């Protein structure tokens, strides 16, 4: 968990590097700061998304007894795609600032693509665990990770659909889905029971 | 603790990224370095503030036995706002360099706002623990986190008051409060007894 | 492991810092993003390489019982050279963008040099462990790290040969070797059995 | 240790951020890379210095049984000054590139100042432990940290003397001392026996 935790912690703080003193004329700092609102919204949305991913990641690993090479690669695929999130986030914030509609469509399509890839790597991760019940802890029901797969599949489909709607209808439709999907994953997370189970039954915390 | 520790460690070192070789003509490095004094002061103040936050965070977590989803979100709110600190720090340093009074007022107001939000997230965190005594260790008095709430509330009020004074009177008034508040939190921290208790009673250190 | 893990995690996420919103005219974001393809390929290749290094590092440390000063310096040499990888990666991506053949030859030579230095530090690390069997765990065969030395030596030779071929024949020949070598190290890694052994026999996980 | 380890790991990798593709005309990459040699030397020297600090830090903490607030602040002072090292390193590399003698004198004076401050915080740290033998492990001789104080005091004096010699005689004199001092600390480090002692006697590793 230390390695995964460190990567998520670094990515979540890299988001802040985009918050810089605006390059304004003397006396115009206030309007300069207010003009940066897309960056603030993008920071908030991506922080929320990464926080939800961290909780889901922790919840999954609390149920894993042992890792083999396949599971390590599935985990590295998740980490590789989540580490990309600050990039489309910055691209969306940049296009919201310049306000060109064509560019905004490209930006939401890019975000949708990365979001779908991230859900796809989760799908692979859950499917791998569903096929290898020997890797999970004894007290975890063998069907647990089978039931996690649809959550990841829904994400792949909704991110791709949001990207298509953003290009064909309006980028704001895509942005709304991007903000709502982390909320959906937050509410369907198993963070609570896993933590309880962990602290009562095991000794690795990773809080 | 590993995840929180990593985020605080990253934020505290991100502060240093603002310390760069100044962009001066040959032979003028010394004056270029001396002109950067607001950045040095801002680095020192924010490092001190984040160090105090880390000690308080450690002190609180030494008393927590178990986390539920609500507490995890409260902790993520603290981490999200403390990760913002390098941003208003850089804005204050930038305006101190250009010396425009209007901009300096905006900068201290921004710092006050982030400071108040950070204390607000601590208030929510302490209030949550006060309402859920089952999450704290047995040896921790049930009223402990109730008594922590006023410390956070004082911070919310003082940061907002400092911001108002900075805008209405002079930015230096706000800056003085920003420097004094971490000192106040340092002296009212429970870092010592919790660490002693931890090393004698438990095995997780996180030093 | 915490220190090494943190360094590898930081280096792997630093790669993403090169992914920025492209500096394009309004309406030209799509072509700007597509023009950045060498950066994407470089990100993918270096991420893969660092992931493989991490698995090999973990696999080696699972077999180490105790570190002395010599082994610590050998480990610090590995960390110093792997931390350099984002640099030649960025140089190759930059030259692929400008498309100057002379520059591309210099860039692949630089990557080959860093790659060879990294394998050389692994060679020193394995040779040190082969000469000090008292530092490995009892259940590890004394000849284990002797058999790891050729893997590192092959890397030194192949990176140098790839660099020479890149300069004398064509940079693409070198790039192909750079992409294939991590795959070779991935397939010859002992990640699997070490992890199994670790979780059954020891208590330090570092997952 | 997790927090200190993370900060040292981040600082050591931040050094690499100064290694960028040089901004050269097409076909001039090789000479551009070769012109950056002061940066490479500065990277090597600062990496070596931080590696030595990490080993000394680990060696000291292996002997500490318990931390109180005073010791935590002494540790935070060490971390604050070591986090500054990439800054004077970059300033020296920058002046070596432009080649102005006055600027080079300022740069070595700055490095000497930070180096002296770092040794001063170690001196405070060792003196605190010498006065509080109850904080060290039972098997550690009470005079151990008293004997560490002169090592730190020598550093304060030599860094200040090197800075003075760099300004009064020539910056190269100072640079030579900056390169030799980490070597001195590497050879007088107690890294080896402490690690042996740790792995045989305790369970916290921090490798």
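Order of writing sets the chain letters: A, B, C and D. Residues in each chain are counted from 1.
We take it that a contact is a pair of C-beta atoms (placed from the backbone, for glycine too) under 8 Å apart; a residue touches a chain by one contact, two chains touch by 3 or more.
From a predicted model like this one, the values you see are computed outputs, not experimental measurements.
**Q** Keeping to the contact definition above, tell me which chains border both chain C and chain D.
**A** Both-contact set = empty.
**Q** Taking each chain's centre as the mean of its CA atoms, which one is farthest from the centre of chain D?
**A** Result for the farthest chain: A.
**Q** Does the chain A and chain B pair touch with the same residues on each side or with different residues, judged by whether over half of the numbers are shared?
**A** The interface is built from different residue numbers on each side, given that under half of them are used by both copies.
**Q** Quick one: superpose chain B on chain D by CA and send over the rotation angle as a multiple of 5°.
**A** Here the rotation carrying chain B onto chain D measures out at 90 degrees.
**Q** Could you tell me the distance, in whole angstrom, between the mean C-alpha positions of chain A and chain B?
**A** For chain A versus chain B, the centre distance works out to 26 Å.
**Q** On a C-alpha centroid basis, what's the spacing between chain A and chain D, in Å?
**A** 37
**Q** Could you list the positions in chain A whose residues touch two or more of the other chains?
**A** Only 1-2, 6, 10, 17 qualify.
**Q** Can you identify all of the chain pairs that touch?
**A** Chain-chain contacts present: A-B, A-C, B-D, C-D.
**Q** Across the complex, what residues on chain B touch chain D?
**A** 1-2, 5-6, 8-10, 12-13, 15-17, 19-21, 24, 26-30, 33, 47, 51, 54-55, 189, 191-192, 195-196, 199, 205-207
**Q** Which residues, counting only chain A, touch chain C once they are in their complex?
**A** Going by the criterion above, the answer is residues 1-4, 6-7, 10-11, 14, 17, 61, 65-69, 72-73, 76, 79-80, 83-84, 86-87, 90-91, 93-95, 98, 100, 102-103, 106-107, 110, 204.
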